[in-house]
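In the two complexes that follow, subunit A is the common piece, with subunit B as its partner first and subunit C second.
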Partner chain A sequence: MSVTTAAGVNAERPAALSEKLRAAAQAAAPTLFAVLVTAVIFAVFLFAAGADPFEVYELIWTGAFASWFSLQNTLLRAAPLLLVALCTALPARLGLVIIGGEGAIVFGGLAAAAIGVVLIDTPYVPALLLMAAAAMVSGAALIALAGWLRHARGVNETISSLLLTYIAIAVFNHLVEGPLRDPASLNKPSTASISDHHMIGTIPGTDVHWGLAIGVVVCLAMAVLMRKTTFGFAARMVGGNMRAARMAGLPIGKLVITTCAMAGAAGGLAGMIEVAAIHGKANASLNTGYGYTGILVAFLARHEPAAVIPVAILFGGINAAGGLLQRRMDLPDATVLVLQGILFVVLLASETLRGRSLFGR
Partner chain B sequence: MSGDLGLWAVPVAMLGGAIRVSTPYIFVSLGECLTERSGRINLGLEGTLVLGAMSAYGIAYLSGSPWLGVLVAMLAGALLGGLHALLCGLPKVNDIAVGISLMLFGTGMAFFLGKPFVQPKAPNLPSIPLGWWIEQPELRAALEINPLFVVGILLALALTWFLGRTRRGLILRAAGDSSEAVRAMGYSAETMRFTATTAGGALAGIGGAFLSLYYPGSWNEGLSSGQGLMAIALVIFARWQPIRCIWASLLFGAAGALGPALQSVGVTWGYYLFGAAPYVLTLGIMIATCSPTRSLRGAPAELGVTR
Partner chain C sequence: MNDFTAIGRRRLLGTTAAGLAAATLPLGGALAQAKPLVVGFIYVGPRDDYGYNQAHAEGAAALKKMAGVKVLEEEKVPETVAVEKSMESMINLDGASLVFPTSFGYFDPHMLKMAAKFPKVQFRHCGGMWTQGKHPANTGSYFGYIDEGQYLNGVVAGHASKSGKLGFIAAKPIPQVLRNINAFTLGARSVNPAITTQVIITGDWALPVKEAEATNSLIAQGVDVVTCHVDSPKVVVETAERRGIMTCGYHANQAKLAPKGYLTGAEWNWHKVYGDFIADMKANKAPGNFVRGGLKEGFVKTSPYGAAVPEKARTMADGIKAQMLGGAFTIFKGAMKDNKGNTVIAAGKSHAQTDPWLESMNWLVEGVIA
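Then we have the complex of A and B:
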C-alpha cells in the first residue's frame, strides 16, 4: 500500500512542478508585457524630448548593472525599497491599498535617530535592536492607525494613509528643525548623529550594508507567512472575499490591524536602516521618495513579498542610473519619475489582459 | 484706523488667506465632485493639479498671457482626466490604483517638462481690489480677490443648476447611482463617466494654474502639497453638493492659512505643525463622517470609496 502511495507521489511531483511554473509564467506574462510596452512608450517620449532612446537605455544599463560599482550602488538603493514595498504589498493581500510608506520611513528614521542619540554609550547589539524596535513601533503605529480607521470607522485607507504621511512629514520637519535639531547642522537641519560605533556595517567584500540582507530576509519571511501559515491563509481569504471571511468567523479587525502594523513596521525599519547604515542622523535625506517608489514596486510585484526582491533591485537600478542620465545626457532628474509613471499606468492597464488565454488554455 | 491690528491681524490674515488658499481647493473639489457624481473616483487629481500648474506657468511665460496659460492647464487636465477615464473603462482595472498611478505620472511629467521654468518669471493673473474703499492696509490686502475665485463660485452655481435642473445632469447622476438604470434609459454610463472625468480633470487643471499664476505665483517642484488629494475628503465633507464645496474649500483654505497668518504676527513656533492643519482637519472630518456600516448620506451609490 505504502509503496504505491510513494510511487504515486513520485509520479505526481514533476507534473505539479510544471503546473506551478506554468502558473507563475501565466501570472508574470502581463507584467512582462507591460514592461515591454513601457520601454517602447518611454523611448517615444525620450525621442520627442530630443534624447536618443538607445543611448538612454544603454546608460540605464551602465549606471545600474554593468559594473561592480554600479551594481553596488543599485543594491544600496534597493535596500530601503525592499522593506518599504512591503508597506503596500502586505495590506494589499487583504484588499487594502496603503500608500503611506514614505510616512513610515520618515517616522522610523526619526525614532531610530532620536533613540540612537540617547544610547550613545550602549553596546552595539542592544543599541541597534532598540533603534530598530523604536523605528518599527513608530512606523507600525502610523499604518496601523490607517488600518484601524478603516476597520472601525470605514475611513478609506488610501486617503488616510497618505494624509498620515503628510502629517508625519510635518511632525518630522518640526522636530528636526526644532527640538531635536543639532545646532551644528547649519545648512541642512538634522538631528544629532548617532554613535559611529552603532553604524550598520557593510557585507564583507562589498560596499553594500547589511540592510540589504535584512530586507531580503524580511521579504522571504513575509512570503512564507503569507503562503504557508494560517495567518496568511486568513489574510488572503479576507482579501478574496470579505463577507465570506466574516461568515467563516475570521477576526477581520485583528487581521487588518496586525497586517497594517507589520507593513508599517517594515517601512519604519527601512527608515532605521537608512539612518543607521547611511546618514547616521535623521534629516531631509530620509524624505526623498523611496516610499512612493515602493508603492510601484509592490504593484509590479503583484503584492507577492518574494517577487518584491527582484523588482526592488530593478528599481534600485533605475534610481541609481538617474544621476548618470542627469550628468551625461543633461536630462532632468525627473526622467526616472516619468519612466516610473508610464510603467505604473501601463501596468494597471495590462491588468485587463489578465486571465485571458495567453498560452492557449 | 490704520493703526496696529495686534492679534486681530491673525483672523484678518486668515480671511485673506482663506480666499487665496481656497481657490485651488474650489476647482479641484468641483472637478472631483462632478467625477464622483458620475460614479467614479479620481485619486489622480494631485498629479493633474501639478501638471496644470506647470503647463500654465510654462505657457504664460512663453506667450506672455496668463489667461492662455489657464486655458492650456485646462487642456492638460482634461487629457489626464480622459486618460484616467479610458483606463478605468477597461475591464478589471481598479480606479483607485489608476488614480495613484496618474498621481505619479502627472507629477513626473510636470517635473520633467517644467525643469526650464523654475527660474524665469511668468506674468501672473491680475487681482480685483474689492477693498479699495478701506484704508486699513491689512484688511485691504485681504480683500484683493483673485478673478478665479469669482469664476469658481459661478462655476459651483452652474454645476448645481446642471446637476439638478438639466437632462444631462440627471443622466450623469443616474450613472452615479445605478448604471443599470442608465442603461435602461438608453444611455451609456461609461460615456457619462468619461465625460465627467475629463471635465473634472479640466477643472483640476485650472486649480493648478491658480497655484503657479496667482498664489504662490511661481513654479517649483514643491508647489502642491496634497491639495488634489484633500479635495477628495472635501467632497465627502460637502456631501457631493457643489455649493457646499465652496464653504468646505474656504474652511480648508483658512486652515491652510493658519501657519502663515501666525508667522505674520511673529509666532514662529510650530510653523510645520500649523502647516499640517489641513491634513489633520481632513482626517478629522473623514473620521467624523465615515461609518463602517452604512454608506454616506448623499453619496453616489456606484462609488466604491465610501463603501
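Then we have the complex of A and C:
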C-alpha cells in the first residue's frame, strides 16, 4: 500500500510520468513474479501427472488467446469477473475482506429479472436502466449489510458476507422455484423471460456482449475514484490505519458502508448483465461460481480496480482453455482449479515476502 | 514472458490456418466418408460421479470403441456462456459434427443459440422438450422413462423394508423428479399399501453435505430403505451403508459403494441411444428429433439384485419387468389420488409412458410425505 500511496502523491507533479511508470511496474512486479513461480510449480505438477508442460502451456495459449475465436471466448468469460471482482477489491481498500460476490450476483440477477418482467412494454433504454438500478440496489443492500454489521456490531465481514451469500442463494432459490417461477419452466425452474427487445446485444463485429465494455468502464471509473478523489484517499487511509483515520476525524462508518454498497452494486450489476445479455431470465445459472472466482481475481489484482481488467482476462483465458486441455490432453477439469489454487497460494506467499526483501518500508 | 509471446505468434499462424481448414470442413464432410465422425459430449459435473454424468460418460466410452468415431469430452461445464463456447470450440477447433450437451439447463438458450449459428451441425440434448416448429431442425432431445426403474426399485424396497418407511432424497421439485418419487412410491405400495415415502428436497443437484444430512435425518425418522434423485447418489448410498440401512441406486450402478445394503437400481443405458444416433449419422441421415424410450427400448436398465433382496421381491419385480419389456404395464393409471386427497387420474383412465402429460407432473402421489 505504500507503493500505491506514493503513486497517488506523485500524480500531483506534472513531470512524474516516468516515476509513475516505475511505481506501476513496482506494484505489478510481485504479481508477475507470482505468475512466473506458479507457472514453474504447475509445470512440475503437470509433469508428475504425466503431461508435457510445454504442450499444456501451448494449448492454454491456443485456447485462450491465439485466435480470434479463442480471444473472444476469453473476453466473454472475463466479462462477469470484471464487475464481481470489484465486490472484493473495493472494500479491500478499506482493509475489509468481503467474499459475498456470489450473493450480490444472484440478488442482482433476480431483481433485474423481476423488474424486467414487469417492464415488457417499456422502451429499451429506460427498461435497461431500471433493471440495472434494481440490480445494483439489491446487490448494494446485501453487501452494505455486511459492512454495517462490521461497523456497528463488530461482526467479522468475511464470515458475514459469506453467510449472507448462502442466505441470498436460499432466498433466490425459494423465489425462483416458488412465487416468481414461470409455470412453463418445467425442469429448470426460472422466472418468466424479459422481453427479447430488452436483451443487451453484442459489440459490433464480435460475439462478446456489451457487459465487457461496461465492466471495463466501471473498473476504470473505480480506479479513478480510489486514486484521484478525496473519497478514495479517505478510503485508503482507513485501510492503512483505521484508528489513525478515526483520530483524523474521518467518518469511518459512512466510508465503510458506502464502499460496501458500491461493491455490492458492482456485483449486482454483474448479475443483471448475466440476465440481460445471456439468459433472459433468472435461474440457477446465475449461481455458478463467478462470485468465488471474482475473489481470486481481486486478490491477484492486489485489489487495484484497474489491475482487475488484465487479471480478469487472464482468468477468462485459463477458463477458456480448460475445455481444450480436457479434450486434447485428457486432463480432468480439476487441472484448471489446481492452476488457480497454486496461483492464489503463491500470491499470498509473495505478499508476505514483499514487505521484507523486495521492497523495504 | 518473451518466450510465451514467441510461441504465441507461431501458434497464432498455426491455429488460424487450422481454423480455416475446420471452417471449410463441413462443406466437404458429406463427400469425404473416410474422415472420422467427431462427436462432442459435455457434462455438467465430474464424469466419475457415480451418477448422472458417469452414466453419460459410460455411453461415450462405448462410442470410443466404434470404428470411425472420435469422441470429445468436457466435464464440469456450467450452464452459462461457458457451454456455448465449449460447443463452439468443439465445432471450430476439433470439427465436431454431432454434439451432446447432456445437462438440462444447456438447452435454452445456449444450445438453441449454437444451433442457429451452426446449422450444419447436429445437436441432441438430454431431457429437453423438443417441439416441432418451435425448435430448429438440427436440434433434438432424448430421454428415458427411468421411472420404470424407480417403480421396480419401489417394488424391491417394499419387500425389503421392515419399518414400512421409505426415504427419497430429491434435488428439486421438478416434473422429472416428482415422476420418479411417484413411481418409486407406487411400486412400494403395490407390495404393501401402508408404506409411505418421506421426501427431503435438498435444493440443488450436487450438495453432498445436505445429502448426507438428509440421509441421516431420514434414518432418524425410522426409514430403512432410501433412494434419491440427485446428480451423484454416492454420498446418499455411502451414508446409508455406513448407518446400516438399505439403498436403491439411481443413474448408474452404485453396488460397489454399498456391498451389504444395495438392493437394485434404476440405471441409464445411454450407449444404446448414442449408438443409434451414430448409426443414423453414418447412414447420412439426421438422428431423431424427439427420442424417448424405457426398458423395452433399452434406454434404461436395472442393477443386478443385491444379496439383501428377498426371493419374493425378485419374483415379483422380475414379473413386472417382463410386462414392462412387453409394453403391457402402465405405471400411471386411475383411479389415482395425490397426497392431498385430490383425484389426479380418474378411474379407468391411464397414461402410457409416451404421454407428454407425464412430463409436466406437478403432484405427489398418495403415500408421499413431503
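Quick note on the criterion: the second predicted complex is superposed on the first by the 339 of 361 C-alpha atoms of A that agree within 3 Å, B and C clash if a C-alpha of one lies under 4 Å from a C-alpha of the other, contacts with A are read in each partner's own complex, and residues count from 1 in each chain.
Note that in this section a contact is a pair of C-beta atoms (placed from the backbone, for glycine too) under 8 Å apart; a residue touches a chain by one contact, two chains touch by 3 or more.
Here the structure is a predicted model, which is why all the values come from computation and not from measurement.
Undergrad: Quick check on the superposition: with subunit A as the shared anchor, is it clash or fit for subunit B versus subunit C?
TA: clash
Undergrad: Using the touch definition from the top, say if A:I203 reaches subunit B (first), subunit C (second), both or neither.
TA: Neither partner.
Undergrad: Identify the partner contact of A:L348: answer first if only subunit B is touched, second if only subunit C is, both if each is, neither if none is.
TA: So A:L348 only meets subunit B here.
Undergrad: Kindly classify A:E177 by the partners it touches after superposition: subunit B alone (first), subunit C alone (second), both, or neither?
TA: both
Undergrad: Which partner chains sit in contact with A:V118 here, subunit B, subunit C, both or neither? Use first/second/both/neither.
TA: Neither: A:V118 stays clear of subunit B and subunit C.
Undergrad: Check the residue A:A133 against both partner chains and state whether it touches subunit B (first), subunit C (second), both, or neither.
TA: neither
Undergrad: Counting only touches as set out at the top, which of subunit B and subunit C does A:I252 meet: first, second, both, neither?
TA: Neither partner.
Undergrad: Mind working out whether A:V97 is in touch with subunit B, subunit C, both or neither, as first, second, both or neither?
TA: In the superposition, A:V97 contacts subunit B only.
Undergrad: Name the contact category of A:L162: first (subunit B only), second (subunit C only), both, or neither.
TA: After superposition on chain A, A:L162 lies in contact with subunit B alone.
Undergrad: With the two complexes superposed on chain A, say which partner A:P189 touches: subunit B (first), subunit C (second), both, or neither.
TA: second
Undergrad: Out of 114-122, 150-158, 168-176 or 294-302, where does subunit B run into subunit C after the fit?
TA: After superposing on chain A, the stretch of subunit B hitting subunit C is 114-122.
Undergrad: Would you please give the residues of subunit A that touch subunit B in one complex and also touch subunit C in the other complex?
TA: 170, 173, 177, 332-333
Undergrad: Could you pull out which subunit A residues touch subunit C in their complex?
TA: 32, 57-58, 61-63, 65-67, 69-70, 73, 76-77, 170, 173, 177, 186-189, 274, 278-280, 283-285, 288-289, 319-320, 323-324, 326-327, 332-333
Undergrad: Show me the residue ranges of subunit A that touch subunit B in the complex, using the header's touch definition.
TA: 49, 97, 99, 149, 151-156, 158-160, 162-164, 166-167, 170-171, 173-174, 177-178, 292, 295-296, 299, 332-335, 337-342, 344-345, 347-349, 351-352, 354-355
Undergrad: Which residues, counting only subunit C, touch subunit A once they are in their complex?
TA: 1, 4, 7-8, 11-12, 14-16, 19, 46, 72-82, 85-86, 88-90, 92-94, 104-105, 109, 127, 129, 172-176, 203-204, 359-360
Undergrad: Okay, in this complex, where on subunit B does subunit A touch?
TA: Subunit B residues touching subunit A: 43, 83, 87, 90-94, 96-98, 100-102, 104-109, 111-112, 115, 225-226, 229-230, 232-233, 269-273, 275-276, 279-280, 282-283, 286-287, 290-293, 305-306.
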